[in-house]
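Common to both upcoming complexes is chain A, partnered first by chain B, then by chain C.
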Partner chain A sequence: MAFDLNSLLAFIIFGVTIGVVYGIVALGISLIYSGLDIVHFAHGEMYMFGAFFGLVLAENVGLPYPVALVGAMIITAVVGMLVERVFYRRLTRAGGGYTVAGMGMIICGFGMSVAMVNVAYFIWGAEAEPFRANLDYIPRLQFPGDIEVPESYVLTAIISVILMFTLHYFLRYTKPGLAVRAVAHNKDIAYLMGINVPLMISLIFGVACALAAAAGVLIGPMQSVQVEMGYLMLMKAFAAAVVGGFGSLPGAIIGGIMVGVFENLGAAYISASHKDIYAFLLLILVLMIKPSGLFGVEAKVKA
Partner chain B sequence: MKLKNKLLTGALIASVGFGAAITYADDIRVGITMRMVSENGQAYGQMMMDEIKGINEAGGINGHMIKATLMNDECKSDKGVANANKLVFQEKVHLLIGSSCSSVTLPIVDVTAKAGVPQLVPHSTNSKITQKGSEWVFRVPVSGRYYGGVNAKYVGENIGTKIAYICAADAASVGDCANMEKQMKARFGVEPAYRADVQEKEVDFRAHMQKIKSMNVDGILVAALAETMARALVQSYEAGIGEDVRRIGSSSASNAPVPKIAGDAVKGVFFAAAYAAADQRPIAKLFNEMVKQRYDIHAPDHDFSQAYDLVRIMEIALKNTALTGSLADDRTAIRDAIANVKGYEGLASGPISFCAAATPQCRDGNRTAVLIGYTKGGENFETEVLARVTMEEDFGLE
Partner chain C sequence: MLQVNDVHAGYGNLKILRGVDMSISDGGIVTLLGGNGTGKSTLLKAISGLIPLMKGQITFDGLDISKLKPHERVRLGIVQVTQAKEAYPAMSVEENLVLGAYTRKDREAIKVDLERVYDFFPVLRERRKQMSGTLSGGEVQMLVIGRGMMAKPKMLMLDEPSAALAPKVVLEIFANINRIAKSGVTILIVEQNVRMALILAQYGYIIRDGIILIEGNADMLIKDPAVKESFLGGSVADVSRGLNKK
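For the complex of A and B:
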């Protein structure tokens, strides 16, 4: 494709809008990793469940889109906490990371992913469902050079920024946020300091799943909602988390945006048919230059 | 003691053999493998089973009952081939029906050719299915080579020749794109203004749409399975491509998920298919009513009509088959009876005829495509018939 500045700007804008969604899911993955030392492989399914919850609340219950978004986040958070409490707790109690329990946790995550997909099939069926959100109150953004950013993309950017700042505020300036950070730093010392560690772990899971749900509800109006939507998003979010530095929350967002922009530019100027490769090319590039990711620490050794 | 054992063994073998002969004489075994992951897919399968049940309740075929086995291949070629092998070699079916998806039907053609089992194709459009030269395969739906010609003629004469192509990786869509491209070149001497090959279940078309927008094309062909097509249509409007750029669908635009998911974005989309729910013939109205009552489907697409026509064609062929009790001979006799079906008039927009030669001219029995346009999207979508075209039997083969 011939190069022109307007097109370049359009591709970057669209890349950023999808990138922030990758970033939100990556944020949840990083949050769980930093808190529990585990990689949650069923996070894509939490994203899918969140999208369906949002759809049900908006279409069947008739709630306005923003209310459905919040509702889906709450329900998915509760589901995530339940999953953590019922299925993961015994494994996380035994330790994460490179321990045998950590491996068990990874396998358990895979199993949970398959189980959740099948539950979703059972409830909602295999057909994609349209998510028709009424977004008339959101303006279409106009940029020079006939570039129009649709309402759903504008809303995605706004909500994503709000979520990031809310999470930042929660972790930095609230007591539960401080407790979460303490648990992430060292569970044993957190216990000794009187923090209810299991509760905080559940909270971490809940918040991470709520973020995934938000991403699912945001992407729904753009791509419709279907049972198999979680897998590709998980892959992209992993790429974003690794590019940004696994466990780094700002890194997850920056990584997400980089993945979104990189794949859009690759699709525009190299080949749109191989769009999904670019995220992983970026991942390899970053790992070759900085193996810990852009914002990760060189060798993460927990206290 | 030894003699007693021998007698018992002999009696057992005789009884098993006699039992098998009775079963064989009584039932005509039909295996069906289809994509049944969606509500519509399940309804197609159920409708076939219901129609076969109806034949049995009316006395069967010349006194024989049809024993049908329905299997789900989920539109996955490995599952389809496994189903076909099971039906052909374990269930020992006389006739195989399948599949809904071209990418599944293509490898199944090799299974039935090798085993010598007649195969009736219910929905798959990829033109290569009948070009493999198998003497056992018969296609009830319209071949993609005819659709390509109908689309190209209408587009070139009414819309323009600067067309962007978005082609999904499933076999039907690959074939639809290739046929349209070939016909546009043959008729109007033009190459695609833009062409993108995307994954079968692609979700993000924005980069393509941005590129297409900057090219000022006359139309966009979206050749993809239903859900993928719907997403592409929605995102084409999100990218700011106006209504003046016409959207052309591949034959799967006929499937109900397209208007349901795409909503208003489907309005103005046109496509070639084998049947239009907007068809005003009495037989079509009755069929629409039946599907609505039985399966609660608002407007049956051409996959419903083709499944129905297929059962009727099967019924005609089986009635004209003199079963002998030898599986191999009966399979051959059924194949020959299908090849003798001429001028079947059903829900299809034109007559369906087969003949004996293992060529596409003989085995692509349905040559009439109907050009359909969406006038309303959503659950209660509406369509209109734009044209009805019958093609020459060797069209698209040169």
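For the complex of A and C:
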């Protein structure tokens, strides 16, 4: 492909947009990591479930797209909290983190991932479903040099920014947000502050799953919705979280954007058929230079 | 106020407390003394609910709290101040203090109490916007005590507030603990600095190997030859003078 500045700009714009979505999923993974000290391997499936819930609400129920988005977020949050309450809690209570005791948690996450994929097959079948959202009221963006950004990308950018600022405001300026940060840092002390720690952990899990669902509904109109979509998203979001520094929330977003841009540029200028490799190339590069990730703070300053 | 009856507790299969009895009445300062690994902190955790009881019962104001979760006990007025290193380093001093009042809804009174904490520990007012991770050891200790005050406790439990601090700072902190007690809060203080603790407190318990060895009035314990032999050395007069100056 011939190199010109306009198409470079276009690749970067699309890369940033898709990257922000990776970032939102990564944000959830980072939140869960901060709050529960576990890496949630079934988070890709939460994203997939969210996409399907959004699809059902928009196409079958006939809700407008933004309402379907919010609806999918709420339903997925409830599913997530249920999963946490029923399956993960007894394992996290045993503690362990990354020690041998924590292995149970990791295996449980994988198991949950497989189980959820199969439940999804059972309900929605193996075919990829197109997500035809009516987005006529969203303007297309025109950039100099004939770059046109479609509605779904514009909407994704807007909603992602709203979600990020809402989360930031929630964590920084509200009382439950303060409690979430306290729980993320140290559960025992949070308990001694009078914080209902198990409730806050449920809340963290719900928020993280709602974010994943939002990402699913946002990706829906760009690609299509299918049962196996969660696996690749988990990998990309995981790469984004690690690139940004695990546990760091701004790092998750920046990492997501970097992964998005990097893979779009790689697809454009190196080879489009290996698009999914570039995220991990970036991951390896960053880890070689800065093993704690770009924003990984050694002193465990989380959330 | 607080009744501890035959409490057994520990971690996993490791039993640390082996039948502790304790009775703390309203008001004043009670100290719990003992060497390393004797079960002091474990007893505090059992009272605040961070670890479950294996056996026995704890009642607070006549209410059985043995099965309550830690945050429910905080609502009843049992507040544990953890050791100094455990502030939230990524939160500002003021955020830490506000977090201490997490269970309260009375916004105006919280503001008044915040001012009160700043009056007790003026250095915290100077540093209120600073991340608490940047404070010195003594300042963090003041912060965690202030944070405990913000919860409006009926009983405040302090875990070694003098640990690893300079004598001058310890005096300031102990003087303020005295002020808190005078304002009507019952205080249970765990200490390794036995001499100072016995001067500050009215009543003392000495724990060893998970059981209460001796208990009694502080002025009696300080003269007790057994206590003297195992814990005390030197004169108590200089410390006493230091406290009274405040």
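Everything below uses one rule, namely that the second predicted complex is superposed on the first by the 294 of 303 C-alpha atoms of A that agree within 3 Å, B and C clash if a C-alpha of one lies under 4 Å from a C-alpha of the other, contacts with A are read in each partner's own complex, and residues count from 1 in each chain.
In the analysis below, a residue touches a chain if its C-beta (ideal position, glycine included) is under 8 Å from a C-beta of that chain, and two chains touch if they have at least 3 such contacts.
For clarity, every value in this text was computed on a predicted model and none was experimentally measured.
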| item | value |
| --- | --- |
| Partner touching more residues of chain A, whether chain B or chain C | B |
| Chain B versus chain C as contact partner of A:D146, first or second or both or neither | first |
| Which superposed partner A:I18 touches (first chain B, second chain C, both, neither) | first |
| Which superposed partner A:M229 touches (first chain B, second chain C, both, neither) | first |
| First (chain B), second (chain C), both or neither touched by A:L294 | neither |
| Touching partner for A:I106 - first (chain B), second (chain C), both, neither | neither |
| Partner chain in contact with A:K275 - chain B first, chain C second, else both or neither | first |
| Residue ranges of chain B touching chain A (in the complex, touch as defined) | 37-39, 196-199, 201, 203-204, 206-208, 210-211, 214, 227, 230-231, 234-235, 238-240, 257, 260-263 |
| Footprint of chain A on chain C - complex, ascending | 48-50, 69-71, 74-75, 79-82, 86, 88-91, 95, 98-100, 102-103, 133, 147, 151 |
| For the chain A and chain B complex, residues of the former touching the latter | 1, 4, 7, 10-11, 14, 18, 125-130, 132, 146, 148, 150, 152-153, 222-224, 226, 228-229, 232, 264, 267-268, 272-273, 275-276 |
| Chain C partner contacts - residues on chain A that touch it in the complex | 175, 178-179, 181-182, 185-186, 188-189, 191-197, 299, 301-303 |
